[in-house]
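Two complexes come next, and they have one chain in common, subunit A, joined by subunit B in the first and subunit C in the second.
Right, the complex of A and B next:
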């Protein structure tokens, strides 16, 4: 049953290692289990997440790529489109019609011709440009909108933490 | 499981009440979806060919008299039905099964279809579909056909594949891609029919290329054109058929007198099954 999913995941792994997108590393945690990946995403330049290196896990369903994977940051990131437990909530991780937070119809959705690379690139744009219209973390969305300075301060502390730097004076 | 635990365990000081409701709603929605999915999966993807009277038996002559009498009427022309699982893919799946049956019986048609499938692979890439994620499905489909052509897979093996969730859905994706490909190739013609402020490309990506999305009229026309088949759709409910008739021939513009369909589908509200005509001569 999982044979096709495995074949596809191996192909994607090969693609990602031979032509890695800038600032992103992604690979299966264990070569015996291609359905659980770890990735490191560099915060996009000229944003409050710049220079940070954010670890996340991607979990693939047995019927991948027919169904989309799930992605979860493991570093406690405070962001409008990331749940408090780290789960990423962006349209490309959802099939059309599956609308937990009511995205715009025109947002890019999951389809079997999408890829892990497409997801990771969408996550990078999400870091650069949070979507506060359909927030997964309401308090982060509120702060992003109303108190940008505080939001950036929290982001900066996290960036320092991911780089093992001491916290800055608040 | 892990995720469910996390939803409940998310720390309260970080989670506002609005968010908690949303997460509970998502959880409930997930459970409901799972129940619907389990219910769907209790039926085979592709049922065995069986007598059309099994359709008649589904309707009560008193409480569903219209469907009961229509089902009875159909038995005068059609002898068999193959029930297809109602999972949002039924139109594509019914056509896929119908076509495979034709190709199992006619090697020349099979050869032609292999050729046109190869042409589609190149065309899809030219139309801008992502290269290897798209061609993966094409190659899989062509290999499936080639195995029939080479005699590696007999009818039993083929139907086993058509009833295996993953194999069958991989094959079905090829049909979704060429449906989308036909629409994109003829964008100027189809664009005016796309509603809701979507572009044709967005419509294709969200309505056609995604699995488990039901087909609408555009999808039906496009798949018929992309596969070059003659399709008849019989309607259980007269109000659903164009021009108030009982059936619809595709491509459009074919009148009943000269039209010999390759495949006939039965449409019941929201669902398609395959039906088969009685043998022409009963001597």
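Right, the complex of A and C next:
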């Protein structure tokens, strides 16, 4: 009998393939290793990330779902809540014990009730509505607050890059 | 990285070949060439590098034989730990600068590589739990690795021990302890491997595995801490403080602390699990969504899932592993200890929650039973004492009275137990707006025809129902009510007002009817002479009574109360005729119905009446 983490990941994989949520694709990179996933997230409509397809990697701990997975964008996304190296900083990916930002309520932290799908949906809404109160990328948060036009331009360049379009001249 | 390391290896080989060839070219003979090589610092440096490269190559070959390709996580762990180990080794060099020699360096490198194999073996065994398929080759490799590492470790430990014994304290102590600690790690990995093996061979999930793993970890960490402490003491006496072992020492103490806490929390969780939280039965599971939200699998009765005080249900083993981390409900994050302590005086939390639920259910079951006890009398009484004093409110009452008597089911039971008329206006304000179809009288449910008004009732001032049927509406009127213009809304509100009035009068009638029930056998007592206070009291008593009443009347061959409603299905067009009970001829007259009663029922009736009149019912 394999571990619980593996079984749960397999269940979630099955669910995600049979009933995929809109705008989200996620699957293990290698079916031998269910603890490394790759996912593609489409940018939410009517935001500066619209139409973009953003690849990310999710790494699951051995005791998933008791501990949260880690998520990292691999496309160099510029966003207030994503570190420069692509790590996603949202409260549901933080275990209730440690508090990197110091203000998150424990009820928005990780719990086994969360799932890959919920994480990805949270990330989509995070893309749509950055939380510049606790920025992971301070310069992105600053730009989001003070120079929205420039922020949108950078986002637009990224969207074009992810779609393999030539960069716009503007 | 790949390119640079192969470049390094190639470069090193070329440099070595060039150095050796150069030495032979200069000296022409074997012995002088060797002397030349060993005398020249540059040549020796090249040779040392070559030696390192060879050891590295050997390590790579062994690694690919024993472990195959490394996974990304393994490679990451390996390089991370290797850097720490190199750093510590450099620190160790400072302590043993007197012993510093080529052999010493080689020993450290061998130690480093053996450590690498230990880490890899550890990661690999952990992977057993994550991997969907475990091949035979994996087992072969694992066993070989564990045996080889165990053998190598014990060999080095014993050689260090004997060299210390024969030659006195030296740097060999360090190696001895390092290998002893590695031996403990091999033991740990072996235990884990055996546990995982056992789990894999079992088709069922093995709930206690996590516990055994925890104990193994506690045990190994204890050994490790003792070893480090022992080592630090010896080193302090022989040399100086072993700075390089501070980090691993601290780490193992922390690991021990964590393992200890884990064990304590796990025990607490298990205790709580066994004693505090009720097991959910298969029947209860069938009635709910039986997916355990932690492992996303269906719960079955065999797995004995547990219910938390917040009434969320999970697998016991899932909860246990979660409680080791967090003592909250995974779904709603209620603190389980807090809830338990809060309700401690009333038994434990789980039971309290269950009792609360049980009470609600029991209450819900009781009330219909109570309600069922009353209505049988209504069909007769509804028409006899149909219209009470309040003539204006009672508009449409006979119709509704008949409806209530024949079809009590659609009315919420509160209506039966409505407070006396004095309180009624406030009560009606609190009532939720009733469903529309409840008052859509004859068109919507076929019901008993409004009975003839009994002749004997002297207070008869019945006015016809204000709006008995919506069938009377014309097409235009209905259309008028459809829109969202002001007129339409007013028309709709008016219709709802009518409904309210109907309901109100029905309710009022109920109250009075239930108050009058005891008087029924004495037709002489006129209902209209009742003053509201008396009827109020009697209502309450009647309300309090009905359960015992239905119970006492149960043994009788014809138990009129329930049967009339069971047999009268909600939509049956002729409710009176479908009933096989004698009482079901109800709506005719009161005398007729009472004459068909069995003696037992009559006796019950008399007793109740006597009690209501203040006499001793037992007499």
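FYI, the second predicted complex is superposed on the first by the 163 of 170 C-alpha atoms of A that agree within 3 Å, B and C clash if a C-alpha of one lies under 4 Å from a C-alpha of the other, contacts with A are read in each partner's own complex, and residues count from 1 in each chain.
Here is the rule we use: a residue touches a chain if its C-beta (ideal position, glycine included) is under 8 Å from a C-beta of that chain, and two chains touch if they have at least 3 such contacts.
As the structure is a prediction and not an experimental result, all values here were calculated from the model.
Chemist: Superpose on subunit A as described above, then tell me if subunit B and subunit C fit or clash.
Modeler: Clash - subunit B and subunit C, as placed by superposing on subunit A, overlap.
Chemist: With both complexes superposed on chain A, which partner does A:111 reach: first (subunit B), second (subunit C), both or neither?
Modeler: Touch status of A:111: both partners.
Chemist: By the touch definition at the top of the document, which applies to A:35: first (subunit B), second (subunit C), both, or neither?
Modeler: Second partner only.
Chemist: By the touch definition at the top of the document, which applies to A:3: first (subunit B), second (subunit C), both, or neither?
Modeler: A:3 contacts both subunit B and subunit C.
Chemist: Scan A:63 for contacts with subunit B and subunit C and give back first, second, both or neither.
Modeler: It touches subunit B and subunit C both.
Chemist: Just subunit B (first), just subunit C (second), both, or neither: which does A:137 touch?
Modeler: first
Chemist: Counting only touches as set out at the top, which of subunit B and subunit C does A:156 meet: first, second, both, neither?
Modeler: neither
Chemist: Quick one: is A:83 in contact with subunit B, with subunit C, with both, or with neither? Answer first, second, both or neither.
Modeler: first
Chemist: Choose the clashing stretch of subunit C with respect to subunit B from the list 330-338, 384-392, 456-464 or 546-554.
Modeler: Residues of subunit C that run into subunit B: 330-338.
Chemist: Using the superposition on chain A as set up above, list the residues of subunit A that contact both subunit B and subunit C.
Modeler: Correct list for subunit A: 1-5, 8, 11, 15, 63, 65-67, 95-97, 106, 111-113, 115.
Chemist: Which residues of subunit B touch subunit A in the complex?
Modeler: Those residues of subunit B that touch subunit A are 3, 6-7, 9-11, 14-16, 18-19, 22-23, 25-26, 29, 33, 129-130, 132-134, 136-137, 140, 164-167, 169-170, 173, 177, 196-199, 202, 205-207, 209-213.
Chemist: Of all residues in subunit A, which touch subunit B in the complex?
Modeler: Checking each residue of subunit A against subunit B gives 1-5, 8, 11, 15, 63, 65-67, 70, 83-85, 87, 95-98, 100-101, 105-106, 108-115, 118, 136-139.
Chemist: Can you name the residues of subunit A that touch subunit C in the complex?
Modeler: Result: residues 1-8, 10-12, 15, 31-36, 59, 62-63, 65-67, 95-97, 106-107, 111-113, 115 of subunit A touch subunit C.
Chemist: Show me the residue ranges of subunit C that touch subunit A in the complex, using the header's touch definition.
Modeler: By the definition above, subunit C touches subunit A via 71-73, 126, 129-133, 199-200, 202-206, 293-297, 318, 321-322, 325-326, 328, 330-331, 333.
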